[in-house]
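Lettered A, B, C, D, E and F in written order, each chain numbered from 1.
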Amino acid sequence: MQTLSVVITTPPCSYSTITAIDYINHAIKAGVNVVGVFFYQDGVLNASANIAIANDEYQTHKHWQKLNTEHGVNLHVCITACEKRGLSDDIGDTVNTEVTQSNISQYFTVSGLGELVELTAKSEKMVQF
Amino acid sequence: MQTLSVVITTPPCSYSTITAIDYINHAIKAGVNVVGVFFYQDGVLNASANIAIANDEYQTHKHWQKLNTEHGVNLHVCITACEKRGLSDDIGDTVNTEVTQSNISQYFTVSGLGELVELTAKSEKMVQF
Amino acid sequence: MSESCKKIAILNASSTINQASKEALDAALIYGSYEQSTSLFFQGEGVRQLISNQQLETVHVKDYLKTMAALAFYDIENIYACKASLVERGLAEGFHLDDVQVLSSDAFSDKLHQHNVILRF
Amino acid sequence: MSESCKKIAILNASSTINQASKEALDAALIYGSYEQSTSLFFQGEGVRQLISNQQLETVHVKDYLKTMAALAFYDIENIYACKASLVERGLAEGFHLDDVQVLSSDAFSDKLHQHNVILRF
Amino acid sequence: MTILHLQRTSAFDKNDFAQCVLSIKPDDALVLIDDGCYNASHSLFINFKKQNPTVAVFHIQEHAQARAIEINHDQSSPITMAKLVELTFQYNSTITWQ
Amino acid sequence: MTILHLQRTSAFDKNDFAQCVLSIKPDDALVLIDDGCYNASHSLFINFKKQNPTVAVFHIQEHAQARAIEINHDQSSPITMAKLVELTFQYNSTITWQ
């Protein structure tokens, strides 16, 4: 079975990201094993839990969600790139200081750059978008 | 008194944003009345409440905060541009469904594009960064 | 709204399938809705926004170009395209908007110079 | 870590004072720390990252270029610069890193072709 | 080894394509994607085709169509996204010029 | 009316500067900011200076210094950010080329 990983560096409201999702969907349709997607640079913004795009526009975040829930595609975000862009899985709650919150979507896995290395090793091909 | 508004379209971790902050600080030092800063396009990401930049790097978000608290500069974010990028002042709380939360920094004012028009009318000069 | 006799120029420099282009148009329409004197300029890759027969839905992008038809409604009637940018790209003047004025670089810049606030997207 | 004899190329295309350049270096160092065979390529505006006497602190940017000294520690010894990019920019070969190999476009591309994964930042 | 070059930007806007054409070897292939389709009418592309008539060149048909770009099939072969997935596995590596 | 042109990108990377120079009138001024400082050695800039020797040209000294760029003062006057604020009010409008 052909194996593939994809690196995403474009943000959710960039139309370039639609092309990447389209590519991944076609890879799955062709029977390729999509080992994982790694979000880096401004690409990590795709992992925001609070994206709201107008109903008549392409719902980038819902398409990522669908890739995860319906096709089991692992969506890895680089936490270092996240934090400088306002995304974190360790936000102090102002009311209850003992719990922490996350503004990273539950469909994404918080990872580090080490995961990029893993994906590189585990996949026949790696394509950047 | 000279009046100025600034439009920011670059995100918080772009080094271009440092130049904009530097410019605004110099305007204030020169006695210019900075009527407001309007954040649009990827510039709205500066308003994220959860930015965490490594300690030894330029703390873009803290400099915006300081412009607001120490110099009374109004920081307006375009909410339409915010929402498609994951920022909102109306996030449903998963625990208590009756309250809504915001992931927009308290130092920023949630606005619409109408505020850009207001700032244009109220300022002698408008500079984009 | 405080009184203002400022003239606003929105300088469109991004190609069609680009969030910046859509957000530039949004800004122009708001200025128009507040009855500010607003002009649209298309230069560089921005001239591509004027070309007919684009099919944005093919790549799942909402056809915001259709919204340009609303420009006249908001009295945004000064729409300028840079001829040099069109020629460089081998583009004919078949626009989906009426009343686009195609200007030489010099005349295009002359028009820009008549505005008080210029935003480029 | 699963076994991999892949060769990784990080192709640096952004100028110095640029978050992309810093994040490209971070990625290269991680590949190196996992003992992956990794090479750095500098082309286009990317060649500026190699130039001596830059003073990033002047514009409040942390001098991540210093981190490049760690490349040798991670056995990242293949560092290539595109000669045409240097010449186009009028840049002399006074680099802050030793062992940068300046290659013709052809040779630069030959080296790129020896890698299994190429990421461009 | 061979490289599949994915060109996503327009040479009328950015200089990535100039670097891309310098990096293409005879057994590589070039795919015009997104705004990269605009390059079909750029002098860099036309010169590249003249000097390298045997290098395989493709463009994503839907991306050209969305932009109202007509590309002569002698210059570049229209492909679908499904075909792009296939191509990914036919070349040793990819570079994304964006 | 006069325009202060703020050039923030490098012509070695993007084509904004080509549009900028086409838009500059004799009473305008040009300021090289951020990566815009790299333009000082670009042929577009050198030709522009030859054809428009009287147009005021500035660069932010700290931005050039940070990048190890040496700019001949005959070609462009080094300024501080404070001076840029002053210039903003001396011209009717600004365009940011980025």
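Before moving on, here are some points about what is shown:
Please note the rule applied: a residue touches a chain if its C-beta (ideal position, glycine included) is under 8 Å from a C-beta of that chain, and two chains touch if they have at least 3 such contacts.
Because the structure is a prediction, the values reported are computed rather than measured.
Shared residue numbers account for over half of those found at the interface formed by chain E and chain F, and the copies are therefore classed as meeting with the same residues.
Chain E and chain F have centres, each the mean of its CA atoms, that are 34 Å apart. One inter-chain figure worth recording: chain B and chain E are separated by 39 Å, centre to centre, where each centre is the mean of the chain's CA atoms. Centre-to-centre separation of chain D and chain E, using mean CA positions: 25 Å.
The set of chain A residues that touch two or more partner chains comprises 13, 15, 19, 22, 54, 126, 128.
Contact with two or more other chains is made by residues 17-19, 44, 59, 61, 117, 120 of chain D. Touching two or more other chains at once are residues 12-13, 15, 34, 63, 93-94, 96, 98 of chain E. Which chains touch which is summed up as A-B, A-C, A-D, A-E, B-C, B-D, B-F, C-E, C-F, D-E, D-F, E-F. Interface of chain E with chain D (complex): residues 1-3, 15-16, 18-19, 22-25, 92-98. Of all the residues in chain B, the ones that touch chain F in their complex are 2, 4, 10, 15-16, 19, 22-23, 26-27, 29-30, 32, 124-129. Listed in rising order, the residues of chain C touching chain B in the complex are 1-4, 6, 8, 19-20, 23, 26-27, 30-31, 34, 36, 117, 119-121. Within the complex, the chain F residues that touch chain E are 12-15.
Per the touch definition, chain E reaches chain C in the complex via residues 10, 12-13, 34-35, 38, 41, 62-63, 65-68.
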